[in-house]
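Some structures are shown below for you to check.
In what follows, chain A forms one complex with chain B and a second complex with chain C.
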Partner chain A sequence: MAAPLSVEVEFGGGAELLFDGIKKHQVTLPGQEEPWDIRNLLVWIKKNLLKERPELFIQGDSVRPGILVLVNDADWELLGELDYQLQDQDSVLFISTLHGG
Partner chain B sequence: CRDCFRAFYIHKFRAVLGKNRLIFPGEKVLLAWSGGPSSSSMVWQVLEGLGRDSAKRLRFVPGVVYVDGSQVGLGHCGPSRLPPPLPCAARENPLPTPMMLPPGEQGHVLWFPLKSFVELLTGHWPRPILGSPVGVTPFYPHFSEGAACGQSWKDRARTLADVKLILQTVGFPWHTVALEEVFALPPSVLRCSAQEPVGTMGNYKVAVDSFLQQEHMLGAEGVGGSPNSTQGEEQLGQPCTQDPQHPAGPPPADQTEALSRLFDSVKTLTAKEELLQTLRTHLILHVARTHGYSKVMTGDSCTRLAIKLMTSLALGRGAFLAWDTGFSDERHGDVVVVRPMREHTLKEVAFYNRLFAVPSVFTPAIDTKAPEKASIHRLMEGFLLRLQAQFPSTVSTVYRTSEKLVKAPRDGCAAGPRCLLCMCLLDVDTADSATAFGAQTQDCSQMRPPTPPAEAPTVPCCSTEVGRVQNCFRGTKPCGREDSRARVIEQLCYSCRVNMKDVPSLDPLPPYILAEAQLRSQRVWLPPRASPEIQEYLVESSDD
Partner chain C sequence: MPAPQCASCHAARAALRRPRSGQALCGACFCTAFEAEVLHTVLAGRLLPPGAVVAVGASGGKDSTVLAHVLRELTPRLGVSLRLVAVDEGIGGYRDAALAAGGGRRRAGTSRSPSWPTQTSSGAGRWTPTAGTGRSRACCTFCGVLRRRALEEGARLVGATHIVTGHNADDMAETVLMNFLRGDAGRLARGGGLGSRGEGGALPRCRPLQLASQKEVVLYAHFRRLDYFSEECVYAPEAFRGHARHLLKLLEAARPAQQQLGRAGLGPLTPPDQSFYLEIRNSGHLDTFWIGLPPNPSSVRSSPSPQ
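Take a look at the complex of A and B:
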């Protein structure tokens, strides 16, 4: 049983367009059976925060290629990608590298 | 490790510049800034590089240009989606409060005329607020006819303000141009100027040594004289320059109309993107030439170049890959386009910008939120990035391939006719009727007054020229629409021709393109070639 988590979710590089233009979201993830990891977080974001065009952000289980994910300013590849377990007061940043030049 | 990453990143930038030895000390270099992460990173690198101690300092004189293409940069919000209603306050007072800019500023201020979107909602066309002469100008959002996107005028104005702020922070002399100004460009933009002698290794070393000597002497004498180094300092202190070409006012509404008409008339997103790219290049080239910049730096990153390489292949630009994706692009002659960010991947750029707080401005582009298959560019981007996710060396492999491309002119003839739009040497062969390209040219010639069908390879040459003669020399008969279109199409390379297929009418094109096409087609008659001229007389007399 995981306690509710307070996490800061941030979007950059154009990804905020899909979230009403709001870059920073302070979210409180409700308590649930399994511990929160990035996989669950993505599902949660898709259900609650994503306003339009889910295919531009999420592809299958993971994010679309071209979107960088940083957890506490560290590349998520170093932390186990989707399996990283979220801690309280973590900061997850999604940067879209696709837009602009 | 943050510090190692930073050192590595900066080193790559300097190494790319140093390895190619194209930028001479004291040279004026224009940085093409789009607001996006790569070009912002590039501008920041230049800023940092110029500020260092003298031994490793970058030694050129920079300026920044920002092309505002937001009039056409509206994404796809879905055909059935209506634009969100303006907030009530806006409805009563549809114009934002004027942006107050610092009084001393003289930079050219961008202007967005209001479009029919607000007219629809409010039922009337709001009158502009007149501000004080210098620097205070109202900003209006612009929405093109077809695709009004979710961006409100507030966002648009905010973007503009961010752009201004960043340009001021950077401190280089800056120029902003609106995309509408393509309608005011002179045809000379499309002409390749005489080439400057390309600096050899020996020249470069000599130039650097003499520059260092100069600096040393000046330092010893303690005089802040006229040579380039101190001039560079002075220019850095200058906040901005006013572009002499434009008055400090809005581009005329008819230009914006013309621009949106042009882009609305283009049928596919691929052609739109290519056209936008071409127009933007011409604008930047014009700014560079007007202000005496001999080099232009663009922020194309490794990932972008790999995508560009594959996209160019798909678009039929295979012959020009070396110019499109190489480090330097000398097709314009006097102005050389340089790509210093080409060894940095987008991921590195994003990380750097995040970790070291490089400011950038997000502006929606023409392909924002476009679905995957909307254009060839999007398709290729999706393809490469997905492949990259599973095979991490994809992008670098494609990029390395681009490094190996050599710029050899076709058949050894360096001075041939150039494409009207992209200014590359024409890769066309009018006698080549057997290829797909030849079939395309046949199509063009058939649009004219009937000429004998082409059987032998040489006949299309003559018949096209004969056709042209018939149109030009028969003063009484006006040149038909198809003829003027065919005349322009003839002067384009293969990929530009394919793009033009998606442009149903050439009328909305900016006048400088059509004027130059006219000029060139008349000029073609000058080279002394006996047989076509004789042919011409024969046909005319037989018709008479």
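Take a look at the complex of A and C:
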């Protein structure tokens, strides 16, 4: 049983284009049976925030390869990736690297 | 699980794990290490001698923004001076927006390429990828070639002795794979070094970020709070590079450990029996792929591969 959580979800590197161009989203995740890990956050984002072309953001149950995920400014690799359990006031940043330099 | 402590300063929480060494570093220590590695690449390869006037190919994108920033940090150590050069190919909605985004923040010498016979756009000296054939796959084929020419001219306009571009390790791996897929033996043989000396009177060029992975370039820009333009060229979905990039992404996803394209080249036999080989280094384990007959392993020429 997961309590409601207030988190900041941010998009950069071009990923914001899939979200109406809005980079920062303050979201309240409702209380639910399932824990609020990144896996479930992605499901929630796809359902509630993603405006177009989901295949450019999500692949399977994770993010598309080439999209970096930082939680509180740390690479999600260090935190368990999809299994990381979100805390209240966490900040999750998705940066796309899929464009010319 | 909480993030481990930084292995360098032991004070801050680690923000990432370096792909090659597996070392966990905080943002500040990572940026310092990144800059030190670029410095090492330039010094060890003797890419930019003291006194060089270095034209930085600056598109306003992530790689050239990071390149310009890092080189500016390193100019005291290197004893070189920098000039920014931006090329405007006239790609609407992409290059114009990028240059507008970057232009206000930096002084840049802009190169206008001379009139090409197939030029269709108005404005002195600009060419567009739609010249002649309309929107077609051929656009990407010559876009890069013409941009490199324009970059050369822009560099001369600002009095440069060397040109640098922001190509990263992922770009290089894609290029190797593209040449392999096209069977371009010439390019495969010429590639692999850190730059070109400059033949036929061309300025020497190099790629100081060549050994840095794309992910680390983006993370460096993030931790240094660098602004860059991040939209995709409208023609990019049609470009051949996309196939190579897609394949590399699939390979990375299939193998959880970091991957590095080792080297590609020609087998020792002569045509028509000649074969191509492609090595992919995967955290110490080496996979070699052959097209054509693999020769006796003891007869394979060895050549230096990127570190």
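Keep in mind that, in the parts below, the second predicted complex is superposed on the first by the 100 of 101 C-alpha atoms of A that agree within 3 Å, B and C clash if a C-alpha of one lies under 4 Å from a C-alpha of the other, contacts with A are read in each partner's own complex, and residues count from 1 in each chain.
We take it that contacts are C-beta pairs under 8 Å (C-beta built on N, C-alpha and C of every residue); 3 or more make two chains touch, one makes a residue touch a chain.
If you're wondering where the values come from, they're calculated on a predicted model, not measured in any experiment.
With the two structures aligned on chain A, chain B clashes with chain C.
In the overlay built on the shared chain, the residue A:T97 is in contact with chain B and with chain C. Shared-chain residue A:P65: touches chain B and chain C both.
By the document's definition of touching, neither partner reaches A:D88: not chain B, not chain C. Contact with both chain B and chain C is seen for A:D73 once the two complexes are overlaid on the shared chain. Contacts of A:G14 after superposition: both chain B and chain C are touched. Chain A residues in contact with chain B (one complex) as well as with chain C (other complex) are 12-14, 17, 65-66, 68, 70, 73, 75, 95, 97-101.
Partner chain A is touched in their complex by these residues of chain B: 34-39, 75, 155, 299-301, 303-304, 346-347, 349-351, 354-355, 360, 362-365, 368-369, 371-372, 381-382, 385-386, 388-389.
Considering their complex, residues 12-14, 17, 65-66, 68, 70, 73-75, 77-80, 84, 95-101 of chain A touch chain C. By the touch criterion stated above, chain A contacts chain B in their complex at residues 12-14, 16-18, 21, 53, 55-56, 65-66, 68, 70, 73, 75, 93, 95, 97-101. Those residues of chain C whose C-beta lies close enough to touch chain A in the complex are 1-4, 13-17, 24, 27, 59, 61-66, 166-168, 171, 214-215, 217-219, 222, 230-233, 236, 249-250, 252-253.
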